[in-house]
Amino acid sequence: MSRYDAIQVGDMAEFGKTITEADICAYVAVSGDTNPVHINEVIASGTMFKKRIAHGMLSAGLISAVLGTKLPGAGTIYLSQTLNFKLPVYIGDTITARVTVLEKKGKFRLRLLTECINQDGKIVITGEAEGMLKE
Amino acid sequence: MSRYDAIQVGDMAEFGKTITEADICAYVAVSGDTNPVHINEVIASGTMFKKRIAHGMLSAGLISAVLGTKLPGAGTIYLSQTLNFKLPVYIGDTITARVTVLEKKGKFRLRLLTECINQDGKIVITGEAEGMLKE
Amino acid sequence: MSRYDAIQVGDMAEFGKTITEADICAYVAVSGDTNPVHINEVIASGTMFKKRIAHGMLSAGLISAVLGTKLPGAGTIYLSQTLNFKLPVYIGDTITARVTVLEKKGKFRLRLLTECINQDGKIVITGEAEGMLKE
Amino acid sequence: MSRYDAIQVGDMAEFGKTITEADICAYVAVSGDTNPVHINEVIASGTMFKKRIAHGMLSAGLISAVLGTKLPGAGTIYLSQTLNFKLPVYIGDTITARVTVLEKKGKFRLRLLTECINQDGKIVITGEAEGMLKE
């Protein structure tokens, strides 16, 4: 049985990490996103967020970690992703990306529910991904 | 006139950078995504990509850089993003994120075309974002 | 059945990655090891290695990745490690850490063969680890 | 007199640094070790350690710094290392690697006591290394 065949609708996997200042520093380098709300405490304190927040796309990267290492896992071709940013993520929050198989469609393709959840159980990002696993 | 009012449908902004091995190294730390296709040249050479590719979500971060620093710019609240991963990005590729205003909708909201384009002019990621700018 | 009980002598797991300049840069920051053979191409070219080599302990970290994420996996308490550095690792080499269960000893303890192997199949590091998994 | 000849049994050297969140972030990239006990505060708080701990092999890297830069110093060929992980290292701990010459054996070889000690004077790692210095 192929790895694709072994995957069932409803299968779920998670990966979580604490979002640190160092992550934000590294993400600025990688993305070039120097938006002050992420890196300038003085400016961030004057916004509705009251302090620096992590880049939304930084937390979204945890979804990629689940897809690429757990479900469907290594070999997955990432086709698409939708992201709805619901709540801010602060430095020190622990974000868990949860991926759930919604549908097996056509050849080797999967439609997946993708959620990022903070340490209080609140959904900070929700959306769907499509991936292909020809193994 | 508010910054929001000054934005016109069709306005465009770009941010580009060369995707380096160091970016991939840092992105592994930030995302936890250790998928071998990104970090293991031996395994990657046996895939359809033939060599290591950058994480799709890494390149998508350049869109966040445009939104957060250029158009709409600092103060933007990132509401949503769709991403269609069209072509692989290799180490050494120079990726330019291009954001174009598609629609001004309701109060302070913008619908934006978001594309990532490589050094050969090919679209590697396409999708749309929504942002809000109350300034 | 506990996770410990499910582990059998002979079980094996691997994790591999290409060792990049960026890894060496990051490892210098983490370890403080500024030995010129790792970071000074002029000095390194005058040694028996002929060019910069990666820190031996950097490659040894891949063993930790297997222990902590695959076999025995998350929850493992790392008790000890022996390392014999057999061959140099150069920038661009792809190193695979392979962990094999040698013995289940006493309560929750495992003795493991730990090897790092380069892209040519040569063992660059060999040794043993002991870990404990109370799950 | 060669540098090797100048080394005496009992010679000692140290290198210490504070282990930061940024070190852990970088070490994840270098090693690929995403074990949640190192990067996920929620999961780590449920373990016997009560909070995130540094990778044991991260602290062991400070030994490499002493060997490669102080005693025996640049030019040393790192032959072997044993590591016994005695106590956890937490973010913010200051770890000092101390290397003491135990024996001069055969040609150019040294047997060394290698200890990592925290800010409270407790040994967190102990073991021995062998190195060769042909200078």
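What to note about this one:
So that you can tell them apart, the chains are marked A, B, C and D in the order they are listed, and the count of residues begins at 1 in each.
What we mean here is this: a residue touches a chain if its C-beta (ideal position, glycine included) is under 8 Å from a C-beta of that chain, and two chains touch if they have at least 3 such contacts.
Everything numeric in this text was worked out from a predicted model, so none of it was measured.
Number of steps on the shortest path from chain A to chain C, with steps defined by chain touch: 2.
The interface holding more C-beta pairs in contact, when A-D is weighed against B-D, is A-D. Measuring from the averaged C-alpha position of chain C to that of chain D gives a distance of 15 Å.
In this assembly, the C-alpha centroid of chain A lies 34 Å from the C-alpha centroid of chain D. A separation of 40 Å divides the Cα centre of chain B from that of chain D. Of all residues in chain D, those that touch two or more other chains are 22, 25-26, 29-30, 32, 34, 36, 39, 43. In terms of which chains touch, the assembly is arranged in some other way, matching none of the line, ring, star or all-to-all patterns. In this structure, the chains touch in the following pairs: A-B, A-D, B-C, B-D, C-D.
Within the complex formed with chain A, the residues of chain D that make contact are 20-22, 24-26, 34, 36, 39-43, 52.
Only residues 15, 17, 23, 26-27, 29-38, 43, 47, 55-58, 60-65, 68-69, 74-76, 78-85, 127 of chain B touch chain A when the two sit together in their complex. Residues 15-18, 20-23, 25-26, 65, 92, 94, 96, 119 of chain A touch chain D in their complex. If you check the complex, the residues on chain D that touch chain B are 25-26, 28-30, 32, 34, 39.
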